[in-house]
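Presented sequentially are two complexes of chain A, the first with chain B as partner and the second with chain C.
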Partner chain A sequence: MSNNVRSALVKAFNLSKYYRVSLSMFKKTLLKAVDNVNLTINEDEVLGLLGESGSGKTTLGKMLVALEEPTSGKILFNNEDLKEYVRKRRIDIQMVFQNPDTSLNPRMRVGEVLQEALEASNFNGDYSDEVERLLNDVGLDSTYKHYYPHQLSGGQKQRVAIARALAVKPKFLVADEIVSALDASVKMQILKLVIKLQKIYRFSMLFISHDLPTTVYVSDRISVMYSGKIVEEATKEELIKDPLHPYTRHLIASIPSLYSSLFNGKAQKLKDVSNELQATTPVGGCKLFSRCPYATEICKALEPPEVSVSKTHKVFCHMYVR
Partner chain B sequence: MSLIADLLPLSNPLVGDLSKTLRPPEPNHVLGTDELGRDLLSRIVYGTRVSLTIAFIGATLGCVIGVMLGLISGYFGGVTDFMVMRVVDALLSIPSILIAIALVALTGPGVINMIVALAVGLTPTYVRLVRGVVMQTKNLEFVIAARLLGLSSVRILTKHILPNISYVIVAQYTLDLGVSILFAAGLGFLGLGVQPPTPELGSIIGSGKAYMSIAPHVIIYPGIVLAVLVAGFNLLGNALRDVLDPTSKVMYE
Partner chain C sequence: MSLLQVKDLTASYVIGRHKVRVLDEVTFDLKPSEKMAVVGESGSGKSSLALILARLNNKALIVERGEVLYKGLNLLNLKESELTKFRGVDIAVILQNPSTALNPLYPIGDQISEALRAHGYSRNEAFREALKLLERVGLSEPAKAYRKYPHQLSGGQKQRVAIAIAIALKPKLLIADEPTSALDVSTQAQIIALLKKLVEEDGTSMIFITHDIGVAYDISDKILVMFNGNVVEVGLTKEVVKKPLHPYTKHLISSAILNPAENRLLEVTPENTRSNNGLKNKLVVGCPYVFRCPYKVEGLCNVSKPGNFLIDGRIVSCHLYGGRK
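== the complex of A and B ==
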């Protein structure tokens, strides 16, 4: 699938989101949640966005669904300005959230939730049939439409949330850590479901996760994010075979040993440093400087350049090692 | 019982027998008579009805206005929120009994003024309360999902937010009914509320206080009724909050 030439659906240019944070009563600093990010998501493609908590991946996702206004930069959707597009067709861009417990209105039955989504789209047909079809699509039988969210398990709630997002036939779906609140066995079912549905509905997806194996499992391409910046971007095959950035290798080293053998010895642990400190420390050079074993003077002074290793593989590092 | 007062075999609360004033309880007048020889039981039953009506309408009005302002203020935030909250702050800084007295001084005593004073006095609490829970609720994922579906603000507020914060409002409302009864009685006691000869719990106590030493029953019985009413509404409020709280299991069963 990843060999086809596909046209871009979502394009982000120099996208940044800064927050003002108070350190104490008088001290304020700029938190660069997302810092100068370029990103392309093609039609019918799953882009995995991988990063630790606080790396800005959720903020990036929220900007791409127009829930957050970027501080600077530009987002094109279908070659139109995202804000303009959203004004016309809000429903083309949907999101599934991390927490299944708060994703559904506790006062609405599953059927009502889905019907409301259908009413919001241009659907004209039999609502009740379509609700049942949607439930079947996400692997629930039609009796579930009478249930309230509190009568469902976490996995079932997440299935309903996916059905709600797909009810409006979106072009683009942001899946923000959709399996991280679920049990391991349920996690697998939901991942398989998402892959299956992507093939049926043919939407583009940004799959946000902190878990490398999960991201590899679902995505066509993967962007690795660290401290508000994308540090490496590659197809999943390239990333598995040839992880280049020290941070990517660190992530691989952090996978429980059962899986890490997959990545033939490219793992490399980094020094642990407090996250918050990292994001707010104003450094001109590489954000990873203080943690990276390969760091030299140039890393401290200059922002890492974009290095294209292949057509699809980019890494942002001065010292990248093959 | 006050609701069916007209059907009960009670003597007319407005007609007294001046030969039998301030009588202690006796078979003909179970709770005795007041300073104009009117049957006290009958006056209390009718008076409770008047008190309840005023408290009910006043509290409801205050609740509806307060909830609407709170929803708007909490959901939209920004300039709207700022303006609403400054007005609320101003109202909160003045005791509502003072607002009521000022209102009565401006327009004269009466039932309508009492209701308006009550509503104005209760509104700020609802605005604050509702604004707070709306600000929490509007960031929950199901509300964001509703926004992503392009639903209107009115629909999001009424279908997704209001039903999920109603338990807070209901609890506050029942508690406020108790407060309103006290408030209405207080104004009646001060002579600012319902005007004689209409019976009302506060004014019964107010006019009876002059005879406290020779005929204590005239203020003791309406006082007991008042206390029981307020305590009852408070208990009801607590019970309702337990039942309606979405985190408790009692729901939906």
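== the complex of A and C ==
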């Protein structure tokens, strides 16, 4: 893994997505699902995107594969405007979702699903051979091409969804919580599979998850997201050795102790405000203000700036400004 | 003295004219204030076990053999009318989805009061006790929370209310089936800490079902590992995690833990993964794990079911340990 020779494949500048949501019959408000995010994913790189439920991970992922229109900001793919690129070569950019039940057509057999994907790409060979090879890639016997989705277990369906995404040899894959619904042993099989396939085909991947150990396992670099904003970004090694943002340390404190030995002593719980019926966040200041044990007046008033700790490690927090 | 003794519990689902075995001679016991985790993969029968222990199983899930002794009394022989005496007072249940425990049409406080009034509290006593309970499960401003409807709460807050209802009558045994699996990591950590604190304060025994060995490790004293309806290993949690004996337990634990030295996972104890991809193997004779076991002995493991061997205070059901009975 030599970071510096890789070139950028996906670049997002000041990316935002706002939703208008109603608070009551008359009151409406703007929900900032993704708020002014900058992000780069290099060629042949896995970027982990970590954050709690509602932090904006799926929304960000969908914008990067052009399934969702940004409210503002710009996305470049291969140095070209993403929308322009998609118009020419949609199949280079794929996304796999958490729940394979909703993404696989219940009336199509596994073989038909994969053949349809191959037909959409400019594949010219024997379809039947290629379908078998794809199934084999994801660890399924060729007899599974005759099965309908309801005849498969959750893990098997997820394998088919991955095979379909990879059938077209994408350059970029967004994997959105692809193992969250699976139990431990099936989860491991799928993770190993994804890592192996990434090493073979060398696509870039955004790996979305709320599970820290899983993200560490799969990713080269990790971005931590909270409430629509990236709060810390680092290589996997830096994040393990020196997690800086209070929210990152809170995530570490939240994982079962059996898995957290890796992050020796870097855990720090945030104030638990989930029991408060109405949590308050200051306008303009740091979104973590009411939960952070280190918060000061400046955190309430000003948005945290970007602080670079190393070439590859940055954190958005007033505490680290010098 | 045991609070709960389960002996040879064998149960099946009735599907049309067929029966499908779901629990096979499940045996364990639980002492007062003991916290036991039940772990195993999806479909291994954990929820079915919980349903039978709480006598919440419907007609499709039938007990074929065995006993569930609560303070020596076989719960399986009790009539529905006799069971109501036990519910809430002796045995209480928390399920994965808190919404199923809550009625969407009533304020949550009234639902807690109602549980108390059904067991002899006056209106006023029930109201005061409900406020105390809301505070105990960590909802600030209990008086305000009392009037909220379930849809006005987050998933974590709803699970707190479900816990308040379950512990309202200070049950002797709490059965929790994946109470945190639907929650996000940080909420999960809070709920686990809360449950642990509450049962320790009240001296309640707990059976905590989870598929996450890390969660089991933080919450339990004792662990029971299930595979395909069978108990394969029972022992003290710390010891089992440190030195698993059954090949399935070895696989389960090694596939969950990161290796600090390499930032990588430990080498996973292998399994025969081919049969993993197939449909569930239901077998009549032999060891339940034989299709996936890397250590299987032909002519032994596929023909006879291993007995329960006692090794260093641990129960292991595997032929590898057969010599040391």
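Here are some notes:
Quick note on the criterion: the second predicted complex is superposed on the first by the 307 of 322 C-alpha atoms of A that agree within 3 Å, B and C clash if a C-alpha of one lies under 4 Å from a C-alpha of the other, contacts with A are read in each partner's own complex, and residues count from 1 in each chain.
Going forward, contacts are C-beta pairs under 8 Å (C-beta built on N, C-alpha and C of every residue); 3 or more make two chains touch, one makes a residue touch a chain.
This one's a predicted model, so the numbers in the text were calculated from it and none came from an experiment.
Of the two partner chains placed by the overlay, only chain B lies in contact with A:Gln94; chain C stays clear of it.
Looking at the shared chain after the overlay, A:Ala253 reaches chain C, while chain B stays out of its contact range. Once the two complexes are laid over each other on the shared chain, residue contacts for A:Gln189 go to chain C alone; chain B is not touched.
When the two complexes are overlaid, the chain among chain B and chain C that reaches more residues of chain A is C. By the touch criterion defined above, A:Gly125 lies against neither chain B nor chain C after alignment on the C-alpha atoms of chain A. Applying the stated contact rule after C-alpha superposition, one finds that A:Pro305 touches neither chain B nor chain C. Chain A uses no single residue to touch chain B in one structure and chain C in the other. By the touch rule above, chain B contacts chain A in their complex via residues 140-142, 144-151, 159-160, 163-164, 246, 252. Against chain C, in their complex, chain A makes its touches with residues 52-53, 139-141, 144, 154, 156, 182-186, 188-189, 210-213, 216-217, 236-237, 240, 250-251, 253-259, 261-262, 264, 272, 274-277. Every residue of chain A that touches chain B in the complex is listed here, in rising order: 65, 67, 90-91, 93-95, 97, 99, 102-108, 116-117, 120, 148, 150, 161, 164-165, 168.
On the chain C side of its complex with chain A, the touching residues are 41-42, 138-141, 144-145, 148, 154, 156-157, 160, 184-190, 211-215, 217-218, 241, 251-252, 255-258, 260, 263-265, 268, 271, 273, 276-277.
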